[in-house]
Structures are given as C-alpha cells and as structure tokens.
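Presented sequentially are two complexes of chain A, the first with chain B as partner and the second with chain C.
Our next item is the complex of A and B:
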C-alpha cells in the first residue's frame, strides 16, 4: 500500500512540468514491469503446480484413463466418467456422507474453536500451556492423529474403557464399525484436529477488542455471559465468516482421517467424495472416473473459495 | 536524475529477479525429480539396486535385510537399497512412476496385482531371463505370473491362510481343533460360552478383506466361474451368526490382517484366520500353546495361494543386476530357506519345499495340507486381468458391510452378484 502512495505523489508533481512528462510514464511502466517480474516466479510456480494439474485433472475426467492407458494418448469419452460414477451408485451416498461430514466438522470446529479461544483469552500460565498443547495437536500429521484416535475409540480403547467403567454402557460403543456411529466418530475426530487452528484465529480476534470496552461493560454491570454474547460474538463475526469458509473447505477435502480410521467402511458407510475419488483412481485404477469425482469436488470447493475471497474483501473493506 | 535512479534500481533488481526465477526453477525441478531413496538407480550408480516392498512386520523386514546382506556378501561393491512403500500406495506409486520413466529395480508386490502392474507398464517382462533360468523347473506354474504370453514375475514362496488355534482355550472348553464348519461352529459356541473370544479375521473393505472372505464364501459353494447369490447368502448368514453370538467382533471391519493376529496372540481368543507368514510373530508374541489346522472349508472350499510376486521394474537402470538379485535371493534354495526361517513362508521351489524344515514342522505341515487340499489360484482365473482390482474392492466392501451389520445376507448377496456380473464379463 505504501509503495502505491509513494508512486502516486510524484505523478501529480511531474505532470505539471512538460519536460518530465515523457520520463514519468516510462518510469511507471518500468515499475510495473519490475513488479510483474517479481511476481513471475510465483506465477510460474502456480502454473506448474496448480493450474497444470487442474487442467490435467479436467482432461482426465473426460477421457478413458486406466492403468493400461495412463501413459499412452487418452481417448476422449465426454461425460461417460461422470455418468459412470453416478450410475454405479456410489456417488450420491458419498455426496450425502460428505455433506453430513462437513456439517459436523464445521459446527463443532467453529463452536469448539470459539469456546476454546474465550477460555484461553486470558494470559495465565495454564492458558499458555493449553495453547501450546493445541498448537502441538494442530501440527500433528493427520495419519498419526487418526491412528491414535483409532486405538482410543477401539473396543478395548481408553474411551470405551471409561464408558464401560463408569457404567454409561454395558458394552463397548461401536464407534468405528457401526454405520450409525462411524461417520460421526471420524467427523468428530476431524473436528478435534481443526479446533486448535480456529481457536488460535478466534483468540487473536478477541485479543484485538480494546480492554476499555470490557472495563466499561463491567462498570455497567455486564456479567461474563453478556460480555460473550453482546461483545465478543459481534466482534469476531467477520473472523467467523472467514473461518467458516476455511473450515468447510478443510472438511470438504478431508481424506486422511477416513483412510486411516475406517477405510470408508463398514461397507461404504464412511465413503466421502475425496475418498471415493481415491478408491476409483488408486485402488480400481480407473483414473478417468476418479478424476470425474474429483472435478465435482473441485467445483464445489471452488464455489466456497469464491465466497471466501468475497468475505475476505468485505472484511478488509470494513476494517 | 529520476531516470538514473530508475535504471539503477532496475540494474540492481535484475539479479534478484533472476535469482528468484532460478530458485523457483530449481524448486520445480527438485519437485519433479524422484528422490534418491525412491528412484531406481537415479544416482546413476550401476552397483546399487533399489528394492521396493511394503513390509512393516519386524520378521518380514528381517527377510529383506537378510537378502540384502546375502546379496551384498556374494557381490563385492554392490549395494541393495530396500525402500518401504505402504501397501496401499505401492501400486499407484509404481504406475505413476511409469509416466516419468522411473521406478525401482526390483519390485516385491502382492502377487494378485501382477496383471494390474503389468498392464500399467510398471513391470519389465522377464521372459528371457526366466526361460534361461536353470532352476525354472523347480517352480510350479501357479507361482509364475504371465500376461499375454510374457512372464512378468514369479513368487519365491507361497502364502496361504490357515486356522490358528489357542490350545489352552480349546482344552479349557473341552473341544478339539475343528475339521469341518459344524465343528468350528460348535467350538465357537463352546469358547464364547466360556467367556473367550471366538475368532479374529480381517473385514477391511478392500483386497485384504476379499482374500480373507473367499475361503468362507467358497465353502458354501460360491465361485467366480459361475457366481450365484444363494451360496453367498448362506455364507453371509453364517458370518452374521458369528457376529450375533459375539464369536466374531464387528470391530474386525477396521482391521487389516496384522491386527487380528496380534489380537489372537494376546491370548484371549480361540481362533485366528491368518497366514503362515505369522509364524515368526506367533513364536515371539504368543505366550500359550497353539497350533494350526487347515481352514475347515470342506471339499468345495478354496484357499487362495497368495504371497508376494517379485519382478523387475520397467525402468530399472540395471535389470541384469536386478535379475541376479532375484536369482540369488527369492528364487534360490538358500534365499527361500531364509524366508522360511524368518517368517515361515512356504518355499515355492520343489526342492526347498520338501526339506525337513517344512515337512517335519507341525505348523507348516497344516498349511502344506491346506495347500494340497484346497489351494486355489489367486486371483481366480475367471476374473479378467482388467477387473481384478474392481472385483477385490467390490467383494471387500460387501464383506465389510456384512460383518458390520450394514446389510442383510440377502441384500449383500444380491448386490455382490450385481457388482460382479459386469466385471467378470470384461
């Protein structure tokens, strides 16, 4: 921003002198070219690692690509892969599972994140310790996180030992192998992994509220709940919108926890769109059909990305 | 002045921009180039061969290390680089590597995936080497993987499933190791009544589930030559009887083949449907008396003859050294004795399989009997090469749904037949 302002000032000065008018556009153009040159590496990087794979994905989704034809010219088949994926009966249930999964992760991730942020917005040693612990959880690779939770949620795991030990249930709860619980369990574990990130962002937003505002509210007799409801929640609303979109995108593309904890089972009860795409492409080696399912996911995420971009711009405008 | 300043800035910025582009290009190139640990001979060192495998079990890893030591000892200056690739990623990594013309020198893979890998161009044909192999006659045809007239891999050993039993639990319940399905069901009733677990197996919705399901499905008369819903329904009903009685935990839908054996080895479950490759684990982990009998699947029942296939990567930089490695390790009598000692793998060579270490061992004898009575090609010959991966996934998912109680036997049988029909017609 400051660079733009600096560039704008001489523009007005120089335009007053005819002798300098020729030199100024050249300088401005050089400056722009310089900026473009600086942006070039990032542009090339994006082109190679984002746009090219996306274009390949799109091309693959309308081609017949199997293990046999992956490394030979791909035959164009139009919408056959999309139709095939839908008619085989696994696409619609996977879409339904994805919606449920995203809802659970988003709701728990946001509410849990905000609650944790409110609790940790004080500066005590305990909150610093818990914050450090949360960053550790957030930084854990999903495969490690998922494997640990798979053991914890097993019949002989810690959670079931506590449940049966205190008499909540006479038998172990089938967290990961009953179709009523499996998707819910994996989604909750996924939420557990996203809460720390949301808490960190919410905490930053809460710490941005001036201390005087809270002091004034207390003088007026506001209790803690009123502070949360009438001050914190409105203050973090723009952050909530951005985090909601980020969490939805995160949940939408979630694959690793399902891979580690249930492999889509029992049967196909925890198959989501990304996992279905994996099965089609890398287990059945029908890369075309896997790409078609992935394209559907990408389009849905793209809509969310647009919402995200607009919400960020709106937040910047307000701030 | 302004112009001078601008030029000067431009002059100074050019190296920076150039540097940034160079770094980006370097990063991009680094990203495109396989790592030295993963690529075959990418370092251009002709005395190094890379072996990709998916073993994580301690005893199975020991076989790989022993083979490395053996080959390096016999060949001065040669280095063997064993690279672990997770089971679920091996095939996709191999097929993806074909696009960049890279990959390992030697591949140790699930034998059932030989046709998938050969179709994907990940394996080099070894027809010439195999035809010129002096000991070729020691290997039965069932362990040689061919496609469209070319040999792509062979197996240095055979793996198959048997019924491991905890003798202490059976003695306590007053039952004998079962030889028929009726005896197995009675034994399961008796041990569950005594408060013990009945049987462990894998119900994972993928190829491991299918591998474990087939003996039970075929014991009721199901086969891929003429797939019928009725025997499937009977088999699924029998499995759901086990889950209903508590003999089999529904948690097995989350287990690969390693977890159920470890669960059995902990000592509180009577039976485990598992393979001969677990002999080393049983010796080290099972603190009770145990034994093995053939899976009681009757005359119709079939037990897949599995095991890992060994082949040469399509883009091996040193195929001659790779073949020498296979000859001196997996395909040699000495090498097969190592696998037998370390993990209890049944040698595929006739001379090695008739050694006293196999014939006098009560555990291996049970597997050998199962091999003779119920051994079946894996994958079933009726499944077209292009459909193997689809068929394994379809059966694995339905198997998982049955054990998890997600589908009734009737619905599961109908769905599986509907899924299999187009695949078997490919």
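Our next item is the complex of A and C:
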C-alpha cells in the first residue's frame, strides 16, 4: 500500500519523508513475516499426510486394531498393546538389536568415512574415481545393494569362497541365517552403504583446512600420522558431531537392507524396533501392536532430535 | 550462492597448493589402502553385472567364478516378462510425480524458512527435523489405514503422496541453506524497483538458487526411485509394482533366480547411472552443504 502511494504521488515523497522512514522498516518487517506464507503449502501438506497419520498411529497404539477392524471403530484397550508386545518376548530383543545395530553402523560409518575421506582428499585420478564410484553406490537403490550383498554372503558366494579358499573356515559361514552372524552382517553392509556419504562430507571439511597449516606442520617435521591426529581430527570435530547424529538416525531408521537380506530373521535375530513394528502390522496383521512398537520408536526419535538440534546449533555457533 | 562458490573454490584450489607436494611423497600405506577401498566398492558392482550375464546353472555350481560363457539370457527373460515395462513405467511415474510435487511444495517452504527468523521458523525447522527422523514404518502403518478409508490404496497417487510427505522435510532442509546464501540486498533492490514478493522469488531467488533446486530434485528422484516400502504395501497386487518393489519382492522369495534378479538390478540401476553421470558434480557440492546445515 505505501509503495502504491509513493509511486502514484512522487511529488509528495519529500514532504512525506519523515513518516516514510518510520513506515518503511515496519512495512519491511511485515513483508518479511509474510514470507512465512511460502511455507504454508508444505505445512498443510505435512499436517494432513504426516502429522495426522502420526496422531492416528498414537490412537491405534492404544486400541485393538486388526486387519478386520481396521476401518471400523476401534476398541480402546489402554496399554494392552505395549504390554502384549513386551510379554510376547519380541520387544526387548528388538530393542537390544536396535542398539547393537546402531552402534555398529555408527562406529564403522564414522571411522570408515573419515578414513576414506583422508585417503581420497588427494587430487589423483584414482582418488577421484573411487570417490565417484562410492557416491554412485550410495545413490543406488538400497534394494539393489542389499540384493548383491545377499548374493555375495551366500553359501557359495564370493566371501565364502575366499574364506574356505584361504582356509579360514572348513565350511561356509552362514552369514545371513545364523543368529550369531546375521545382525552383524546386515549392520556391516549398512555401514558400507553409508560410508560414501560420510566420506564426502568429511572430505569437504578436510579440504577446508588451509594449505598453509599443512605446510607449516611439514616444515616442523610432522609425519602423516601426526598430521591426521593433530590437525585433521581436531579440524573435523564439529562435522563429526553432526554426522554422528545423522548416521545414528540413518541406522535407526534402516529398513531396506533388513527387509532384503534377512527379513528380520533368523527368528528375531535381525528384528530392530522399526522392523518389528512392520512385521507386527503387515505380517501378523496386529495393527494395534505394530502401532505400539512404532510409537516407542517415534519417542526415541524425539530424544535424538533434541540432541541433533543442539549439535547443529553448536556447529553454527562455532563456524 | 555465496556459500556455494567458496566451497567450490575450496575443493578446486585447496588441493592444488598442498597436493603437488603430497603427491611426490612415497605413500607406503595410503596407496594400497586406496586400492582396497576401490575393491570394496567395485567388486559388488562387478558381481551384479557378471552374474546377470550368467546362466542360472552357472550360479549353482560356483557363484564366484569368473570363467563362464556370457549370455544375455537373463536379460531377454526379464525383458520378455510382460510386467517389466509396466514396472518401468510405474517407477518413472512415481519418481517423476514425487519429484515434481515435492519441489513444488518444498521450494517455497525452503525460501520462507530461510528468510524469516522468528519463533515459528524455529518450531517449523524442529518439526521438519523430527519428521525426517521418524522411521518409515511408523508412517506406513497409519497411512495404510487412512489411504484405505480415502480410496487411495492401489493408486499411483497414494504412493506419490506418501513419498512426497516422506521427502518434503528432507527437501526443505536441504534447500533452505541455498536460499539463505542469496544476499538479502538483492531482494531489497528488487522490491525498491517495485517487484512484488512472488515476482522477486520467481525471477531472482529461484534462478540464483538453481543449483540447490537441481541437487534437491536429483536426490528426491533417486530416493523415490528406490523407495519400495510404500509401493509393496499400498499396491494390492504385484502387477502395479515399480521396479524397486519388484526387486524387493523377488529377493525375499525362496529359490532366487540370481541371474534374473541381477539383470533386474542392472535395469533398475541404469537410469540412476545416467542421472548420476549428469549430476555428480552438483551432488558432490550440494550434499556437503546441505548435510551440515
């Protein structure tokens, strides 16, 4: 409005200038706030298709919902689903599996990512090629990566051919269908899939270290290990913090590789919390119990989100 | 943009100063380790392709042999399945639909959240982060019921909407730093010249932040191309499955036909390879920026 006024009566611009300067910041702040309207479509969309479903999930978790009663009024059962899930004996192992899985993927994902980033932060053609290959694999659908690893880890697969070939084990190792190995195998493959992303982000942080720093260290006679330990590791610390949370969340949400490689088995060996909720809902058709397990994982996510928000804030404060 | 450019410079120029010296160094550890890293990532890819060129009989005796007569049988078999072209079409429709819808909603949201610093923005960002972290299984359970009630099951629209809801938080959080990097003075100049806010957004912000839009669009396409959980559960028969869901269904079946499965894997990956070839540089810079902010 004020813009129209000034445009229509340019002659009054001078005389109106005191009022104008007073009005101008206010108009600007108003229009700045108005820019939040740009986020409105996303807000509405998420309200309908993300938050409403989450509310429905919560309601389901305290109701008796089976495939038959899915679209009729649900009977309120209180905490029965939570109790039922726990007493069936699958909830506690699933929680343990989730913790082990997340730990393995996070540790290998971060250490592997940093190691790969250090190896690939040179400008040789080999480094460039390997980095490109790794990012390509990261971009491939997880079903493709999961399938090939299921193949490679089979009884007659490449890994077992090598193991029996060099005499590490007389018989094939049942990587995916033995309770001792299954969770570990899937977790390692999952780490393999997340290392490229972490390497890419770590590499950017390493390349951001000024070249003079390295030169100065070299003049002082630092070797490569000292360089890594005293310069690279401290320099990437803020990046590590953010990547750690991202990797933890990635591992926690992981579903695709478990689905493709073991389908939660053998027994409950690779049931993580998200996968258990899927099995309860879509294989045993107990939607109420599946929802209860899913609610537990959403609550865990809320805890992680608070940690993430804090680490991003401290990263922004440092940089 | 002002953030993207220095980063691009950093990757281009930073190696050039210490690198010539580093290259001359003899690397007894790093050199071989680089080859090991290459093998860890190249061998699985090699095996997808090799196995897809074998006869089913070759795989039963020894899966890891390199000596075999290559054949395209697995491909001709897979391609002659009538369902394959439907699956390809489904993949394309779902991925393209999801990308278009996600960008349509997330671009303005990323811009809005980049330009306004208020309590609402903080809350909005927090909610987006939470949504991005929620396991997909926590969405698929209620969505299955809701879509059933709304008649969206067994429809492409249902899967596209669910994928979009899944990816909006990710896309918005990735786009926001790109918009934030555009100097506000540019917008102020435009508004003094009399351009409206939507016009400024359309003809100034969007062209400058196009790298961010392209990066986000590519990633959304890749992710929705590979998504299968919604597809497997929302489509009531495998006849409507996209490639990823078909692959997921076949690999968890008993008595897997490995050459056929790998051929399907290769077919699923080729569009990704093409897209990747054109967008790798963009992804390399864009991911590093978006991940940390």
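The criterion applied here is as follows: the second predicted complex is superposed on the first by the 289 of 319 C-alpha atoms of A that agree within 3 Å, B and C clash if a C-alpha of one lies under 4 Å from a C-alpha of the other, contacts with A are read in each partner's own complex, and residues count from 1 in each chain.
Following the convention adopted for this analysis, a residue touches a chain if its C-beta (ideal position, glycine included) is under 8 Å from a C-beta of that chain, and two chains touch if they have at least 3 such contacts.
All values reported here derive from a predicted model rather than from experimental measurement.
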Side-by-side fit of chain B and chain C on chain A, or clash: clash
First (chain B), second (chain C), both or neither touched by A:292: neither
Which of chain B and chain C A:67 touches, first, second, both or neither: first
First, second, both or neither for A:45, with chain B first and chain C second: both
Partner chain in contact with A:177 - chain B first, chain C second, else both or neither: first
When both partners are placed on the shared chain, which of chain B and chain C touches more of chain A: C
Which of chain B and chain C A:108 touches, first, second, both or neither: neither
Contacts of A:193 with chain B and chain C, given as first, second, both or neither: neither
Which of chain B and chain C A:282 touches, first, second, both or neither: both
Touching partner for A:264 - first (chain B), second (chain C), both, neither: first
Among 147-155, 165-173 or 219-227 on chain C, the segment whose C-alpha atoms clash with chain B after superposition: 147-155
Residues on chain A lying within both footprints (that of chain B and that of chain C): 31, 34, 37-38, 40-42, 45, 49, 70-71, 150, 154, 259, 263, 281-282
List of chain B residues in touch with chain A within their complex: 2-3, 6, 9-10, 13, 17, 20-21, 23-25, 27-28, 31, 88-89, 91-92, 95, 98-99, 116-117, 119-121, 203-206, 249-254, 386, 389-390, 393, 397-398, 400-401, 403-407
For the chain A and chain C complex, residues of the former touching the latter: 3, 7, 28, 31-43, 45-46, 49-50, 52-54, 56-57, 60, 65, 70-71, 115-116, 119-124, 126-127, 129-137, 139-152, 154, 156-158, 161-162, 192, 196-197, 200-201, 203-204, 207-212, 214-215, 218, 224, 239, 242-243, 246, 249, 252-253, 255-256, 259-260, 263, 273-275, 277-278, 281-282, 287, 290-291, 294-295, 297-298, 301-302, 304-305, 308-309, 312, 315-316
Partner chain B, residues of chain A touching it in the complex: 10, 20, 23-24, 26-27, 30-31, 34, 37-38, 40-42, 44-45, 48-49, 66-68, 70-71, 150, 154-155, 174, 176-179, 259, 261-269, 279, 281-286
Chain A partner contacts - residues on chain C that touch it in the complex: 7, 10-11, 14-19, 21-23, 25, 27, 29-30, 33-35, 37-38, 40-45, 47-48, 51, 59-64, 104-106, 108-109, 111-113, 115-116, 118, 120-121, 124, 126-127, 129-146, 148-149, 161-162, 164-165, 168-169, 172, 188, 191, 194, 197, 201, 222, 225-226, 228-229, 233, 244, 247-248, 251-252, 258, 261-262, 265, 268-269, 272-273, 276, 280, 283-284, 287-288, 291-293
